[in-house]
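One chain, chain A, appears in both complexes that follow, with chain B as partner in the first and chain C in the second.
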Partner chain A sequence: MQRRLRLSFVLGLLILIYMVSVILVNFQTFSSLAQVPAGLIWLFKNFIPNEHTASYLGPILYQLWRTLIISISSTICAALLSLIFAVLGAKTTSPNRGFQLTVRFGASLLRNIPVVAWAMILLFSFKQSDFTGFLALFFMTLGYLTRAFTETIEDLDGEKLQALQAVGANYFQCVFCGVLPEVASSLTSWVLYMIENNLRDATLVGILTGTGIGFLFNHYFKGFRYDAAGLIVLLIAVLVILLELTSTQIRRAIA
Partner chain B sequence: MLKVNQLDKTYGKDKHSLKAVSFTAQPGEVTAIIGPSGAGKTTILRSVNQLIRDDGGQILLDDQDIRQANKAELRKIRHHIGMIFQNYNLISPLTALENVLHGRLGGKSTLAGMFGLYSNAEKTEALALLDEVGLKDYAYQRCDQLSGGQQQRVGIARALMQHPKMILCDEPIASLDPKSTQIVMDILRKLAQEKQLIILINLHQIDVAMTYADHIIGINSGAIVFEGPTTEVDDQVLQRIYRQDTEIKTMVTADEN
Partner chain C sequence: MIENSQPKTFQPPVPSNGNISLVTKPRLILRTVLGSLGVITVYSLATLDTGNLKLGEAFQSLGVNLKSMFLQPSIGQDTWGVLLRALSTSVALTLLTTLLGAFIAFFIAVFAARNLSPAWLANTIKAVMAFIRSIPTILWVLIYSVVMGLGANAAVVGLTFHSIAYLVKAYSESIEETPQDTIEALKASGVGFWPIIFQAILPSIVPALLSWTFIRFEINFANAVAVGAAAGADDIGYYLFMASGFYFNFHEVGLIVYMLLAIAIALEIISMRLRGHYLKQN
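Take a look at the complex of A and B:
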C-alpha cells in the first residue's frame, strides 16, 4: 500500500516537472507531435537511396573499407600496448605501487578525453589525414582497454599465481604461463567489442579529420545528395551488424 | 628431513600468529597438522616454502635453511617442493597435461618457461604421471572441465613433476566428497611410502588425519600443543588441541539460552 502511494507520488511529481518546463520554454506539445509524421516522410523521401544512388557505391565501399581497416588496426595496436600496461598496473601482477598509480592515472586521462576532442587536438599536429583518425582512436582505445584489462587481471584469483610461484616459476613465467592463459578469452572479447565501437566512432572522427566514410557522408550531406548519405548510413549499420555477428561467433568459439 | 625451529610470525601489532613453532617431519611419513580454524595451520605450511615471510626462526630441509636463501636459491628450493591446495589452483583454460608440465618451470630458463618449450622426455614423463594418478584419458581436457577430485589429482601430478623431496598440502580435501577424499589421500600415503617423500598436510577432518597420518602435530592459537605418532593421540590430546573451539561452543550455547 505504502509502495503504491510512493509510486503515484513520484509519477505526479514527474508530470508536474514536465508541465512547469513546458510552460517555461513555451513548448507546444500537440503541434510538435503533429509535425512528427511529416518530418518522417521528408526523411524517408530524401534519404532512401534511389535509382541514381548506385553510381556512388564504388567510392562509398572504398572509404568504408578504409574506415574498417583503420578501426581494426588502431584497436589491435592499442590492445598490444594496453596488455603490457595492464600487467604492469594490475594489483596482482604489478612490480611496484609506482607503476600501479601511473598506469591508473594515465589510462583514466586518455579515456576521459572524448574521441572528438582527441581528433580536434591531433588535427593541429597531424593535419587532415587517415593517420590523425588512427591516432585519435588509438589513444582513446588505449585508455579504455588498459582499464578493462587491468580489471580483468585483478579479478584473477591470486592463489593461482601463488601456486606457480610455489613451483619455482619466476615473474615472467607466472605472467606468461598463468595470467595470460587465464585472461585470454575475456581480453579477446574486449578487443572485439572495441573494434565494433571504434567503427562507429570512426565515422564521427572522419567528419572532423576529413577522411574515411565520415568525410564522404559529410561531403554528400552538404552537397544535398541525401540519397547517397542515406546509403552510407545504411551500409555502416549493415557493417556494424555483420561485425557484431562475427564477434559473437568468435566469442562463442573461444569461451 | 624437514626440521622447523622456533618459527615466529606476527600479523600487525602484537597479534601473534605463530609462537616459537618447532617440529620435524620425516621422509616416508605423512605428517598432519591439525587444529581449530585460525590456529595458524596455513601460516606454518606457507612459511615452509616462503610464500608467507615469517619473522624469525629456522626452516631446515635436509640441513639447508630455506629462510637464508636468496631469490635464485629460493627458486631452486621451491622447484623441489610440491604444493597442492584446497582450490586446486590449476590454470583452468589449459589442459591437464599443460598444467602438469608447469611443474618443470622452476628448473627452466625464463624464456623456455615463458613460451612453454618442453622436451619430449618431459612430455612423456608428464603423461606417465597423469597415468599414475589415474587420469591418462584426461590429459588433453581443459582443467575447468574436470571434477574437483580429478583437478586435485592433476595438482598432485604437477607436484610430482617437480621431482619433489616434499609435498605441502594445504587443506587438500576440504572441497572434496568422501570418495575423492579417499582416492587423494590414498595417493598421498602411497607417495610417502614408495618415493620416500615428506608429506606435510593441513587437515580439518580429525578422522582423516587419524586414518592416514603417521605423525600428528596439534596446534592451538599459534603454538604447538602436541607432537607425536598418531597412535599416541587420544581424546585428552584432542581436547587440548581443540580447546578454544569447545570454549567458544559453550559460550554460544550459553548465549542462545
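Take a look at the complex of A and C:
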C-alpha cells in the first residue's frame, strides 16, 4: 500500500513538472506531435538528393573529410593533455591532494561550459577559421576525458601499485610500467567514444562558427537547396554509423 | 675437517632461444590504432586552415576576452528578469524533452528488446533508431523548424526525437539483461505481456533506466542551449548568441556562462543524490 502511494506520488510529481514545463516553454503537445508524421513526409519529399545534387558532392565530401580529421585531432590532442592531468589528479597516483582538487575542479569547469559558449567565445578571437572549431572541441573534450581517465585510473587495483612500490619502483616507473599499460585499452575506448561524439558536435560548432560541414549545411539549408542539405545529412549519418561500427570492432579487438 | 675443495655451483638451465614477446595481438592492434590516429592528428594540424591568423595575437585577445568574461561579469543590455526567465525556459525545455522522450522511448524499447519481441521487429526498430541517432540533434531541430516554424514547438520535437533514439538503445539493452529464464517461466505460467514488463522486468532495471535518463538529461540541457543559439528558440542560448555575436558584450557572456555553470553543477549534484537515494532504498 505504501509502495503504491509512493509510486502515485512520484507519477503525480512528474506530471506536475511536465505541465509546468509545457507552460514555461509554451509547447502545444498534441498539435505538435500530430505534425510529426507530416514533418517526416515533408522530409522525405524534399530532402531526397536528385540529379542536380551530384554537383555539390565535391565540396561536401571535402568538408566532411576536414570535419572528420579535426574531430580526430582535437580528441587526440585533448587526450594527451588529459592523460597528464588524470595521472596528477587520480587518487591512486596523485602526488598530493592539491593537484587532485585542482584537476577535478578544472575538468568540471571545462565540461560544464556548453560547447555553444566555447564556440562563441573563440569565434571572436580566432575568427572564421578551422582553428575555432578545433579549439572549441578541444576544450570540451579535455573536460570530459580528464574526468573519464581519472575515474578509470582510480578503478585500477591499488594492490598492484603497492607491490610495485614495495619492490622499489619509483614514481615514474609505477606510472609508466604499472598504471598506463593496464589502463591503455579502456582509455583508447574512451578516446574512440569522444571521436564519435565530437563528429556530431562538430556540426553544431560549424553552424555557429561558420566552418566545416555545419557551415555548408546551413548555407544550403538557408538557401532552400534542400536536396544538397539532405545529401549532407545522409552522408553525416553514414559516416557516424561507419565510425560507430569501426570503433565497436576495435574495442572488441583490444579488450 | 672436511673442506669443500670445490664450491658447489648450480648451473641454471640455459633458456631456450625462443623469444618471449610481450606484444600480444590486442596490444599490436592497440598500437596500430593509436599510431594511425596520431598520424591523422599530425596531418590535420599541419593542414589546419588558420585563415591568415596571427596565433599569438589571437591567444592574447582570447586572454583579454576571458578576463572580461570571468572577472567582470555584468548584466549588459538585458535585465535580470529577462535572463532568468530565459534560463527557466531552458531548464523547462530540458525537463520536457527528457520526460517526453523517456516515456515514449520506454514503450518503443519494449519492442526493440530481443528477449521480448520477434527478431525482425527488434532489428528494424534498432536500425531506424541508429539512423535517427546518427544525425546530430541540431539538424533535427532545424529540419522541424521548417515544417513547424522557428520556435519552441520545433525545438521540443527535434530534441525529443533524438532523446528517444538515444534512450531506446540504452533502455532496450537494459531490458535485454533480464535473464531469459525469468521471462520464459512467467510466460509459461500464463502471465500476460504487459504484466511481465511492469511487474517483473521494470522493477529490476529501474536503477539502470534512471542513470541513463539522467545522463540524457544533462545532454539535453547542453542541447537546449545549443538549440536556442542555432535555431532561435527563446531560451538562454539565444541571449548567449546575441550577446557574443551581435553586441560583442563579453561581460554579459560571462554572466550567462556563470548561470549555465550553476545550473549544470546543480543538475550533477541532484542526479548524484537521487541515484544514491534510489540505490540505497533497493
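One rule holds for everything that comes next: the second predicted complex is superposed on the first by the 216 of 255 C-alpha atoms of A that agree within 3 Å, B and C clash if a C-alpha of one lies under 4 Å from a C-alpha of the other, contacts with A are read in each partner's own complex, and residues count from 1 in each chain.
Basically, a residue touches a chain if its C-beta (ideal position, glycine included) is under 8 Å from a C-beta of that chain, and two chains touch if they have at least 3 such contacts.
Since the model is a prediction, treat every value here as computed from it, not as a measurement.
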(request) Count the residues of chain A touched by chain B and by chain C, then name the partner with the higher count. (result) C
(request) Pick one for A:I241: touches chain B only (first), chain C only (second), both, or neither. (result) second
(message) Once chain A of both complexes is superposed, is A:V25 in touch with chain B (first), chain C (second), both, or neither?
(response) second
(request) With the two complexes superposed on chain A, say which partner A:A169 touches: chain B (first), chain C (second), both, or neither. (result) first
(message) In the overlaid three-chain picture, which partner chain does A:E182 touch, first (chain B) or second (chain C), both, or neither?
(response) first
(request) State whether A:K160 touches chain B only (first), chain C only (second), both chains, or neither. (result) first
(request) Once the structures are superposed on A, label A:G39 by its partner contacts, choosing first (chain B), second (chain C), both or neither. (result) second
(request) Check chain A for residues that touch chain B in one structure and chain C in the other, and list them. (result) 184-185
(request) Under the touch definition given earlier, write down the residues of chain A that touch chain B in their complex. (result) 157, 159-160, 162-170, 172-173, 175-178, 181-182, 184-185
(message) Touching residues of chain A toward chain C in the complex: what are they?
(response) 14, 17-18, 20-22, 24-29, 31-33, 35-36, 38-39, 42-43, 47, 66, 69-70, 72-73, 76-77, 108-109, 112-117, 120-131, 134, 184-185, 188, 191, 200-201, 203-204, 207-208, 217, 221, 233, 236-238, 240-241, 244, 250, 253-255
(message) List the residues on chain C that touch chain A in their complex, please.
(response) 25-27, 29-30, 33-34, 37-38, 40-41, 43-45, 48-51, 53, 55, 58-59, 61-62, 65-66, 69, 88-89, 92-93, 95-96, 99-100, 130-131, 134-139, 142-144, 146-148, 152-153, 155-157, 222, 225-226, 229-230, 237, 240-241, 244-245, 248, 250, 253, 256-257, 260-261, 264-265, 268
(message) Looking at the complex, which residues from chain B come into contact with chain A?
(response) 49, 51, 75-79, 81-83, 85, 87, 89-94, 102-103, 105-108, 110, 113-116, 158, 162, 168
